[in-house]
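Which chain is which? They are A, B, C, D, E and F, in the order written, and residues in each are numbered from 1.
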Amino acid sequence: MERNFSNAERAEVLTQALPHIQKYAGKIVVIKYGGNAMVNEAIREQVMQDMVLLRQVGVRVVLVHGGGPEITAMMNALGKEARFIDGLRVTDQETVDIVQMVLAGKINKTLVGLIGAKGGRAIGLSGLDDQLIVARQKDEKLGFVGDIVRVNTQPILDLLDRGYIPVVSTLGVGDKGEVYNINGDTAAACLAGALHAERMILMTDIAGLLRDPSDPGTLIPDITLSDAMDLMASGVISGGMIPKVECCIRAINEGVHRVIIMDGRVPHSILMELLTNEGAGTMVRKEDLP
Amino acid sequence: MERNFSNAERAEVLTQALPHIQKYAGKIVVIKYGGNAMVNEAIREQVMQDMVLLRQVGVRVVLVHGGGPEITAMMNALGKEARFIDGLRVTDQETVDIVQMVLAGKINKTLVGLIGAKGGRAIGLSGLDDQLIVARQKDEKLGFVGDIVRVNTQPILDLLDRGYIPVVSTLGVGDKGEVYNINGDTAAACLAGALHAERMILMTDIAGLLRDPSDPGTLIPDITLSDAMDLMASGVISGGMIPKVECCIRAINEGVHRVIIMDGRVPHSILMELLTNEGAGTMVRKEDLP
Amino acid sequence: MERNFSNAERAEVLTQALPHIQKYAGKIVVIKYGGNAMVNEAIREQVMQDMVLLRQVGVRVVLVHGGGPEITAMMNALGKEARFIDGLRVTDQETVDIVQMVLAGKINKTLVGLIGAKGGRAIGLSGLDDQLIVARQKDEKLGFVGDIVRVNTQPILDLLDRGYIPVVSTLGVGDKGEVYNINGDTAAACLAGALHAERMILMTDIAGLLRDPSDPGTLIPDITLSDAMDLMASGVISGGMIPKVECCIRAINEGVHRVIIMDGRVPHSILMELLTNEGAGTMVRKEDLP
Amino acid sequence: MERNFSNAERAEVLTQALPHIQKYAGKIVVIKYGGNAMVNEAIREQVMQDMVLLRQVGVRVVLVHGGGPEITAMMNALGKEARFIDGLRVTDQETVDIVQMVLAGKINKTLVGLIGAKGGRAIGLSGLDDQLIVARQKDEKLGFVGDIVRVNTQPILDLLDRGYIPVVSTLGVGDKGEVYNINGDTAAACLAGALHAERMILMTDIAGLLRDPSDPGTLIPDITLSDAMDLMASGVISGGMIPKVECCIRAINEGVHRVIIMDGRVPHSILMELLTNEGAGTMVRKEDLP
Amino acid sequence: MERNFSNAERAEVLTQALPHIQKYAGKIVVIKYGGNAMVNEAIREQVMQDMVLLRQVGVRVVLVHGGGPEITAMMNALGKEARFIDGLRVTDQETVDIVQMVLAGKINKTLVGLIGAKGGRAIGLSGLDDQLIVARQKDEKLGFVGDIVRVNTQPILDLLDRGYIPVVSTLGVGDKGEVYNINGDTAAACLAGALHAERMILMTDIAGLLRDPSDPGTLIPDITLSDAMDLMASGVISGGMIPKVECCIRAINEGVHRVIIMDGRVPHSILMELLTNEGAGTMVRKEDLP
Amino acid sequence: MERNFSNAERAEVLTQALPHIQKYAGKIVVIKYGGNAMVNEAIREQVMQDMVLLRQVGVRVVLVHGGGPEITAMMNALGKEARFIDGLRVTDQETVDIVQMVLAGKINKTLVGLIGAKGGRAIGLSGLDDQLIVARQKDEKLGFVGDIVRVNTQPILDLLDRGYIPVVSTLGVGDKGEVYNINGDTAAACLAGALHAERMILMTDIAGLLRDPSDPGTLIPDITLSDAMDLMASGVISGGMIPKVECCIRAINEGVHRVIIMDGRVPHSILMELLTNEGAGTMVRKEDLP
């Protein structure tokens, strides 16, 4: 149901958004979409609408998604059992086929369809399309788990130039055409780096970096790479946050201007981050940027 | 002073604006700017900001302005006395020089500067630039009062293509290079028609067309050309409203899709009209459009 | 293993192909890929290589695929039972989800990957990407079985312009974003018609239209629409061939120049049809074309 | 009245102009227009015709104008009295408003109109249009007298690309949108430098640089920057010529190839300079150019 | 030797040329070059310089040449004897080879070289280049004398677009690649018609159409097609003028706006015709053009 | 007569050509055409057909030709006697005129016509067109024998961009417009170097470089520049092969990737070299390329 705002209120909100729109117009923003924001249907709708709005006001958004829970669900439905070595999932041919089906077929096209239903123009890509993400085997024992060798930004740039929102499934393709399961955050970081994105937004199920994980009041709004590394060394950043921060480091080192670790559970958090004075979550940046 | 909205509120307003933005993206909207909206400094700032916002979200806005009161003020300052024949101002060479200076020099460039200060990119044109508005003498006794002969949309389209907001002073140029004073509403209607504008917005100091001019509650939100003509014939529309309605008729007959007579005294009325469900003022349309 | 040809032989084959290459250069050819040519791995590799070759010599190929057998296999693996009404499969939400996953995720991306491995540049699309195929429910009792309402050729043309081979999964999208299962041949015909394709090639598991289905020697190499309709009326064309011929009729009526019903079991049949004097299968054409 | 030339004479003149036309085709020439050439109506017509001719034969001309005498006349007409500090005019808000009106409204648009009447296509710009000339206050005591901070060549280049002759009023705009009075010669030099103009022509009311100001026979046709500085040091160049020479130095240091100090009182002096072997006035150049 | 003109004189000539330059800017002018203007070396140099000048000021000139006398001279040098049937030269294989060599090799490239030496950019074409002029045998008895079947304007337009002056030898090519000797005036007329040229100029060795061939004072400056046909019927136009006039008729009927029969013996006659008020020779036009 | 290949055979040949086509797509290949391949009519037809095929599959071919034997024949026919100084032909004005006629008129346009008859689109150029090859006199005693001063690749690139096959006669033009006879191999090398061609193919009447000129079994398939120079020093490469090898050296030093000395007497040798695994003749390459 639409809430009622007065004309003056609407105008004020739009007007206050203007300088932010101007700031991002024509810039590439890569959004790594996952976690609760993808599971919760209401938030998913909002995120897709935010994509359409951002594209409409001139931001060149690229949506990168993973899909762990849906993959697991499909494996269960098919009676496949998971095997792990050193905490990494052994991915046989059957498993990577399921990953491909679920990511590129189910999740990707559903997101593309949602964007279309909101009036946006999306095209879904996977790492296989025009060899967008070329990968090689990480470790023979793990099967089709891949490390990224090379990112081909051409299809992304072609789609952006023609006005589309590219939606990317993070599969990798090997030099014999074999498919690899790729870590989604890493893929997003590599892609954002190769695109020299203005922003990379990492949607997570936490509020951002916290000095004290148990106290949301200790959120760090803004941090430099070196401070982030210090916090990892001193153990303040730990557990599941470590790969997220490592992903930020990678993205920034490969050319992204700023990375935001964002709370995907908050409605319209992307819009808030990009189009208002209030940021959301933690912004990570290189030291030498003011 | 910025009012405080919650994230959710901001997101909701922006989201509700999206379908409207999509509707006008890439379309030409001609705004005839004048009256109180031009005199009141606060509203003027808002209108300029609205221009920048609309352009930023993809609307191809063209701002057309008059400037009667400032012309009169300058004439007074220079000690020129006004003479009228049948209610039309006799315009000698000195007068038309003043008109040119005030419109193309003072008002036009001030608006262009305001748009620039808001982060927009405007270029000011007059009817003399690339012979945008070619005119001829209406009546020898009136001197340099002109009727429009031809509109050259090329410079407007060139500026729109390069991303600028054209701001137009309604002077006319004769075939010997002489300058004419032109009725601003008529010039806007001709220009909007020649551009096949999606919308022409006529900013006035009234609420719109009223069935009873003394009762704002009798505002007509939507009217067809033939009904408007009936209301003129029956005297419901009378006085100063007649030229406004005639201007609407001309614009629509020359190819504009819809004309809105809008209350320029209401803050952000243009934004309201274009980006919300609530219209402002009276929309005039051809019968055969649904 | 590569066979050995003499220089003179190679030159002769290439030279004989030249007038055919010239004939199709820059033209759109839609290939409906399915049946044995898709199941047989060796032939699948060849078809993909033919796509790359045709694109390289200037033909604007569009590959449209179905995937019935793989859908059935996945349904079986997931323990879904098929239900039919009047010979049409009842498609509930779970079924259409499987169709989407298998077509757009498994088959489409595998083909895209194969083309990439041959040095081609393919991008996979489904009917959901930029609302390529808009559909509506055929019959409430059948669930998510759709009729095509509208084809949006823009994404196909954009990809062709940028040098890609579009690979299309024949899903449809409804106006609420719901997904429909669409008949693949019909979708290919509509797409080819909307693209005004020079040729549509329908890969089947038969030799073409036969006067006597039991005698391959009675192959009809070339037939007009009206003769084809006569043969249907007289019962010569019957059974599974009827929908194929109806698909040809639809394609030609919507603007395709010629449709070829081709035997997909023959290696390199597409190359033979397009780049040699020998056709393959049956060519259907309008009467008034010489 | 047209003089009569024989066919042979006309052909010879045109033919002799050809190598000069070839030399400047596609090059940017900035003309600082002022002094007698602007006041004398006959010469003004000729200069405008020269602009049209030069543009027609492929020279990318940019006309920059001042307007001191007309500003003074308008101030007098409005009863404003001039105040000076250290020889610089104190410019209050009212004065800068008059400057804006006269330059951007009266002179600029009159020139644009004259070019149009000769069949040329001109668009008038001021420093406010797309923030062409950004300035800041020189000295608080002087009010709205500005120093140039930054030149935005984009609107000039956009207009040149589309075939227009840009006509520029030398106003400056501050970061709060305030307008500044800018020295015209300096503005032209900065603009020409930012455009890397092939030539800047400075129209003056003197014959050029003279070794003996009282003897026109001592005209220096060609001088290097260092020689010009020596002549200033030794007092040969003095008085009103000093700012002109300083303007040349600035233009050349900012990237202009050559600057010509030209006698604007001589009819068609620009045409003579650019399209014949005879130069007019004094050409200033860097040492290291042959 | 350069004559001395005063600055004022040069300026006046250039200025008087301006409206003519504006009139032809961007328009196609086909010049059929031949006769004395091609034989006389001094005039040939002038014509080439005129080509360069016209191109430089924006006219899209196309130079079409014949070369009868040089062909005859080469045939004599090679000891070939001419044979005629009904006044038409019998053209055997050896003869058409000589025609090709002389036209496309000697004359065409010499003209191209002369234009280059004047600073112009010319590319020479023959009817064989990209099958510019497709012809068929006129009469078996005449051998390789051809009638024009089709003109391919693409290479001409491509060269004009890239800024070149196309110089065309009037050979024709048959569908087996055989070469035909084509009447030069007819070829020029067909080419000018296919290009919808603004003007076609036919350089001849006469002053134009004369009412009394023995009295140059009876030159007809301007004539309509129907009047020209009347003059042919009444015998006023006779002899060698008849094919010239028939060529004019053909050109105009195929879409050329005006054809000028010009005296190529007069120096710079093309320049005079196009860039001054004085025409040269006789202008032929359709009745219904004012 | 067309030989009969089976479908499978045709497909195999085309398929095996694909990686080669992909390798050269969009690359420039300069072919120096001469010797027996130009004299033998059947091979000439094949070479022209190969040109059309290569262009059709995306190779940007440039054909450079000489024509010694035909020049000599024409000189004989015209009764001109040859004079030599130190083995170089003395070229007087009459001789260079014959060279121009035969190369640019006879041979060039005949090749262009043949390409057209095969469905290709060729335009013939000489060194005079847009001053493609600027030359100066080598030695006064030799008359119009020229050394290359500068190559202007613009017309070649313009024609390639528009899809044409440029066919180049190796004449040179001097700064006064005089024509020079230029060594064809040298001209091809300079042109290929200036174009940074991927390949230059030198068609000769020998099998390639042989260790023992009397034994075709000693063909050197692949050699580096330094090894080739060693073989010249040691006398293995001698006689007529020396200028060929010097031409290779020049081409490679000026930027060509590889040069192939090819046996033009073998049918379709170009096609074999570019589109099969078997090379033909000897490939010369720089040391530092793998």
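Throughout what follows, a contact is a pair of C-beta atoms (placed from the backbone, for glycine too) under 8 Å apart; a residue touches a chain by one contact, two chains touch by 3 or more.
What you see is a predicted model, and the numbers here were worked out from it, not measured in a lab.
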Item to complete: Indicate the lowest number of steps between chain B and chain F, counting one step per move to a touching chain.
Response: 3
Worksheet item: Starting at chain A, what is the smallest number of hops through touching chains needed to reach chain D?
Response: 2
Worksheet entry | Cα-superposition angle relating the copies chain C and chain B, to nearest 5° | 120
Discussion item. By mean C-alpha position, what chain is farthest away from chain C?
Written reply: D
Item to complete: Pick same or different for copies chain E and chain F, depending on whether their interface residues overlap by over half.
Response: same
Response to the item:
Whole-angstrom distance, CA centroid of chain A to CA centroid of chain C, is 35
Discussion item. Quick check: how many Å separate the C-alpha centres of chain A and chain F?
Written reply: 55
Practice prompt. Compute the distance, rounded to whole Å, between the mean C-alpha positions of chain C and chain D.
Written response: 67
Discussion item. Two or more other chains touching the same residue: where does that happen in chain D?
Written reply: none
Worksheet item: Which of line, ring, star, complete and other names the graph you get from chains that touch?
Response: ring
Worksheet entry | Order in which chains appear around the ring, chain D first, chain E after it | D, E, F, C, A, B
Worksheet, complete the sentence: chain B partner, complex, touching residues on chain A are 2-3, 5, 7-19, 21-22, 25, 46, 49-50, 52-53, 56-58, 118-119, 266-269, 271-272, 275-276, 278, 280
Worksheet entry | Touching residues (chain side chain A, partner chain C) in the complex | 77-78, 97, 100-106, 108-110, 112-114, 116-117, 121-126, 128-131, 155, 158, 162, 164, 171, 173, 175-177, 179
